[in-house]
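Structure first, then comments.
In order of appearance the chains are A, B, C, D and E, and numbering begins at 1 in each one.
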Amino acid sequence: MSLSVALRHSFADFKLDVAFDSPLGVTALFGRSGAGKTSVINAVSGLLRPDAGRVVVGETVLFDSENGLDLPVHRRRVGYVFQDARLFPHLSVRGNLGYGARFAGGVDPVKFARVVEMLGIGALLDRRPAALSGGEKQRVAIGRALLARPRLLLLDEPLAALDDARKAEVVPFLERLRDEADLPILYVSHSVGEVARLANTVVVIEAGRVVRAGPTVEVLADPAAVPSLGLREAGALLNATVIGHHADGLSEVATSGGPLILPHVDAPPGTRLRIRIAAQDVILSIARPVGLSALNIVPVQIVSLRDGNGPGVMVQLRAGDDLLLARVTRRSATDLGLVPGLDCHAIVKTVAVSGADVMTLPANR
Amino acid sequence: MSLSVALRHSFADFKLDVAFDSPLGVTALFGRSGAGKTSVINAVSGLLRPDAGRVVVGETVLFDSENGLDLPVHRRRVGYVFQDARLFPHLSVRGNLGYGARFAGGVDPVKFARVVEMLGIGALLDRRPAALSGGEKQRVAIGRALLARPRLLLLDEPLAALDDARKAEVVPFLERLRDEADLPILYVSHSVGEVARLANTVVVIEAGRVVRAGPTVEVLADPAAVPSLGLREAGALLNATVIGHHADGLSEVATSGGPLILPHVDAPPGTRLRIRIAAQDVILSIARPVGLSALNIVPVQIVSLRDGNGPGVMVQLRAGDDLLLARVTRRSATDLGLVPGLDCHAIVKTVAVSGADVMTLPANR
Amino acid sequence: MIDALTPAEWQALNLSLRVSFWATLCSLPIGVFTAYALARWTFPGKAIVNGLVHLPLVLPPVVTGYMLLITFGPRGPIGSVLEAIGLPVAFRWSGAALAAAIMAFPLMVRAIRLSIEAVDPKLEQAAATLGASRAWVFATVTLPLVMPGILAGTILAFAKAMGEFGATITFVSNIPGQTQTLPTAIYAFLQIPGGEGAALRLVVIAVVVSMGALLVSEWVARRLAARVGS
Amino acid sequence: MIDALTPAEWQALNLSLRVSFWATLCSLPIGVFTAYALARWTFPGKAIVNGLVHLPLVLPPVVTGYMLLITFGPRGPIGSVLEAIGLPVAFRWSGAALAAAIMAFPLMVRAIRLSIEAVDPKLEQAAATLGASRAWVFATVTLPLVMPGILAGTILAFAKAMGEFGATITFVSNIPGQTQTLPTAIYAFLQIPGGEGAALRLVVIAVVVSMGALLVSEWVARRLAARVGS
Amino acid sequence: RGARKLMLMRLTNSICATLTAISFVLPASAQDITVFAAASLGGALEAVGDAWEAETGGSLTVVAAGSSAIALQVQQGAPADVVILASTDWMDTLAASGDILTDSRFDVMANALVLIGPAGAPPIALGAIPETLGDGRLAMALVDAVPAGIYGRTALENLGLWDAVAPQVVQADNVRAALAFVATGAADLGLVYATDAQAEPRVSVLASIPGDSHPPITYPAAAVTHGHIPDALAFLRFLTTQDAQAIFADSGFLAVELPR
């Protein structure tokens, strides 16, 4: 389902003026602290009434200042995971989790069990929020939003307080939600890696304005977007299809640039994937190297080079029909004589592509 | 100054039993959500009165259940950055920042300006906390703790809500504090990268118990510690000395394994450094490769190989007197015939070593 | 004091308890509603409502009783209607309860209002995003969080109702078995020579009962706090 | 009501304001302290203190007045001491203030206590880690956050003091210019046939003054809330 | 309306007088009756009630409150059959508003004012009140509002003492509270009813106030128009019996000339 947001709002000394459309799935909101991300989410949820604007989810208009339409918060059915957990202190964890479901036809015990299991909060069900750790609170808040059967998920840095292992469990779940329930998600994060996997659309906000917005593949593969996203987070997305699984736990996928070996991908052959390859994980080699521990050596052609403000250069590469990004030092670029049009090899370590960087795409997309 | 902690405490269904000593500087507390990190910090601050234990900072005993000694919270002078910001809602940002200083001889305007500048909260000074974004609140909380002239800093995931750019500004400040003010710091984080730079000692907690503790260099270079730290976070620390800075913005440092080229290091030649090299950023090559964009090729000898539970193998390497970690697929290990004792080459991309991975050591250590 | 109570004392105690109980119980929903309206809504005439609520506190009780008598008495505009529909309050224990309720109302409303104002609106917002309408938010989030305030308001109102005298005796007089509560009985004893001993007995009874209620309420409050706090 | 007040009315109004003002002001610190102790400390005899605080609410005002007379009267254990050190309260306006303060005390304490209980202890903990001793934490964190409750308690107490009658007249009698407050004047008028008109004038005066105080307090409360909330 | 009411009253009055006469002749039958009485009469009336019960088998409910409150309540339709007030003024008011049967009104008893002081103090002459008082206080009921206070003030005025003592007068809302001022030592002297002084061991009577210095202190009683008139009249008549009068005398009240 599509999400279309246009908002104008003024705080005492902050002006928000954003507009973006995302045709389907997950929209990632990036931006530095204080950029206005939470304000956007609040406006979509109805908690902030913007001075003007229009918010549409699928066919449903949630807010339209021109027609004086303003759906009450509780009728919007957004599952909002707040930046601060906001658990109900008088209810047990179980009561918190079940809170939203009662307004949506009751708790589905199967889903309840699945969410509880995924979030690892089974042992906490009878505790009060005051007796939870920071991360436990956040997990319960995620579960509470998920179990409310929302028609739109609003996630405001939901995983910031979680360890990587837990993150790795939650993200695939969100992915399934997006695909199976066709649930639009608006996701705020400081970590591109966390979101690249999920997002169809990336919106970058700076000081209350949209500075970049577009399909994830385009934005992430665009060297010009690097300053907004952060150097370490830059990286491109490759489309791939699972070919098969090997006995040693590795999986082989086909990309337009050739086959790649990845850590095990939990999907049957034929599944379409999207793989994020961080720019700093790519090494360029003029000759095809041998005797390397890196299993993936992809022939590429240099599309463009873009200087950063440090000693690095962002190199955009064409691998088959897809684009890759590599970050190298200016010295290497000079030493190796990298220029647009040059053919060379991109070396990608298999282990550098973690589970979090691989996302399955539904068959129908 | 040293920090020594030994605690036993029982919650309804959680038992905490930890003990660790850290001879100097920064101690990092790792552990999954709910492991007991905040509880440890609370006990050190005096907010949690443990059933039994002893907490000593430098010469000062803060708590000793055997002697019935329990220094009141306000006399402990810990600068505590809470997991939730806990700003005073009735005070402006300025009032919050200055709160602790009045009990420690007043606000030092120079330091105040420096902290405000570093945290980017200059424009917020007259606002109330209710009008701040999540990250802004957290930054004010950090500033408030720093300006209270503490004799011990307790940081509970202080940077979780911050973007990378802001983190990159705060970490060096903490580093300076540690070195110039000889301020012990107890630091909770889910991100090894964030802490490796700062920490002298790493303590890993699981379900209320210490599962590993020791000098950062040792713990991070130990393949056995990988499961506790998370695959993506594993990586070893190298000692290095700045040799010089090149015109193209790169710096050269000497390690016991040979020279390395890094992005610019802001330290004069002769400065001793510690560099974290993530295991997944290291590629192994049997032959010395040529024509690569990676500038650093270090001759190494394999010390040990350790299977993970995935398709990966953690390879411990000796580079001169230091240890390195590399993460490769089992297939590569077999294909390349990696065995302990084998000499090979470790390839490290210059850009993979970010500013956050490089820390300067004070001359006297 | 050690021997059992006399029938007359029993009667007064019984009546006081009944009057206070019903006064408190019946004014509770109205009190909660009024407190919520004053705490959360802005509406024209809010200041007047607020003023009216506080009026019984400001006026000497006799005046309140006098006004009640004129309004709710058998010949008063409301009283005659109530009389006609078979719900007379004047000179009945129900009238005593009405007087006690009105005198205690400002105390109840203030306590509850204060608690409502202390509820973090962020929690109510969270409930709304989860699909709870205003009424549901109130019932499932605000109300439980306000329980300590409601309890405080209730116990204040109960205590006030137990001690209410001036408005009661003016409005419903001092009819044994009908409107003679502990305070009016105490008054009656104090007005006759040699009645101090009997009055003292009643004072002790009133104190014991009220302190009992207070202890129970404190205990309940601690339980409530423990449920939320740990 | 339109023409100016008579000197006697002025005198009663003036005195009522003075009595209520001082009653409220002087009991405020004690009220805050008591509320804090009841909200945050556990100590032996807490239940008794709590009971004592509520006593004036439970007892008919006459009884409270009588107890005051016995204790603070010129021959009373405390009254004689006060008399000796030149601070007599019996039959003085200061005695009227004492009676009003004691009658209003439970209302004040409850409101403040409720607010103190609503303060998040985590903020107080944060203040402690920043070096604030208990007293400082109280002065710089608890107290400002409790301001709405203190305000509510103050206005309740003031209103109650304005309306207090029974204990006052029993304790300090009805001396024009000394202890004849608005309520006692109103009472006196209501005791004689045909006195209603004069009583009504005084009632209107009392209502106008109290509603004024109420409006001011609401305005201050909104200001306070705005300071914290936005 | 007043005229019709008055006619009705006359009519019922005479009917009831007959009924009353019969009731006294007939064997005692249950007659439940409610008396709204000035609070100071409460104790004595309870005792009268017991006698009434023994005599007739009917019960007597005594409702004790201030005279002004009773008057207002009766005007507003209180369920009273008989009122007995401590104030002729309020009874006049009730008569004027037609709420009592004027023909049934009579004074049941009387009272006297006495000057009291702390227990054991020697008697004094009235003229010596100012000196005895010194800068002490004289406790009275409200001198403009409460009957005992009004009587006392009139007496002191007629005795030429009022101006001398006025600044030292402390006024209570009722005469019992004035008594308490003296009993607790808060006031040095007090002007109270003889009935109150009699039962309080902490005070002594220092002087009697001559009955001619103030209007007679009488307690008027009457049947309430909207009450149960036959029973009311029967009870009023019972108040004039020797048994009843003896009880009042025991409590220290003075006898008055009763209607036949």
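In the analysis below, contacts are C-beta pairs under 8 Å (C-beta built on N, C-alpha and C of every residue); 3 or more make two chains touch, one makes a residue touch a chain.
Note that this is a predicted model, so its numbers are computed, not measured.
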Set of chains adjacent to subunit C and to subunit E: D
So if I superpose subunit A on subunit B by CA, what angle comes out, to the nearest 5°? 180
Among all chains, whose Cα centre is located farthest from the one for subunit D? A
Cα centroid separation, subunit A vs subunit C, in Å, comes to 57
Whole-Å separation of chain centres (CA-atom averages), subunit B against subunit E: 91
Centre-of-Cα separation between subunit E and subunit D, whole angstrom: 37
Can you list the subunit D residues in contact with two or more other chains? 62, 66, 166, 184, 187, 190
Touching two or more other chains - residues of subunit E: 66
Residues of subunit A whose C-beta touches two or more other chains: 84, 131
Which pairs of chains touch, using the document's own definition: A-B, A-C, B-D, C-D, C-E, D-E
Once bound in the complex, which stretches of subunit B touch subunit D? 45-47, 72-74, 76-80, 82, 84, 86, 88-90, 99-100, 103-104, 128, 130-131, 144-145, 148, 154
For the complex, which residues does subunit E have touching subunit D? 66, 68, 71, 89-90, 92-93, 137, 139, 142, 144-146, 169-173, 177, 180-181, 184-186
Of all residues in subunit C, which touch subunit D in the complex? 47, 50-51, 54-63, 66, 106-107, 110-111, 113-115, 117-118, 148-149, 152, 156, 159-160, 162-163, 165-166, 182-184, 186-187, 190, 199, 203, 206-207, 210-211, 214-215, 218, 225
Going by the contact rule at the top, pick out the subunit D residues touching subunit B in the complex. 122-123, 125-134, 136-137, 140-141, 144-145, 227-230
For a test of understanding, state which residues of subunit E touch subunit C in their complex under the given definition. 34, 36, 39-44, 61-66, 69-70, 72-73, 76-79, 174, 176, 195-196, 198-200, 251-252
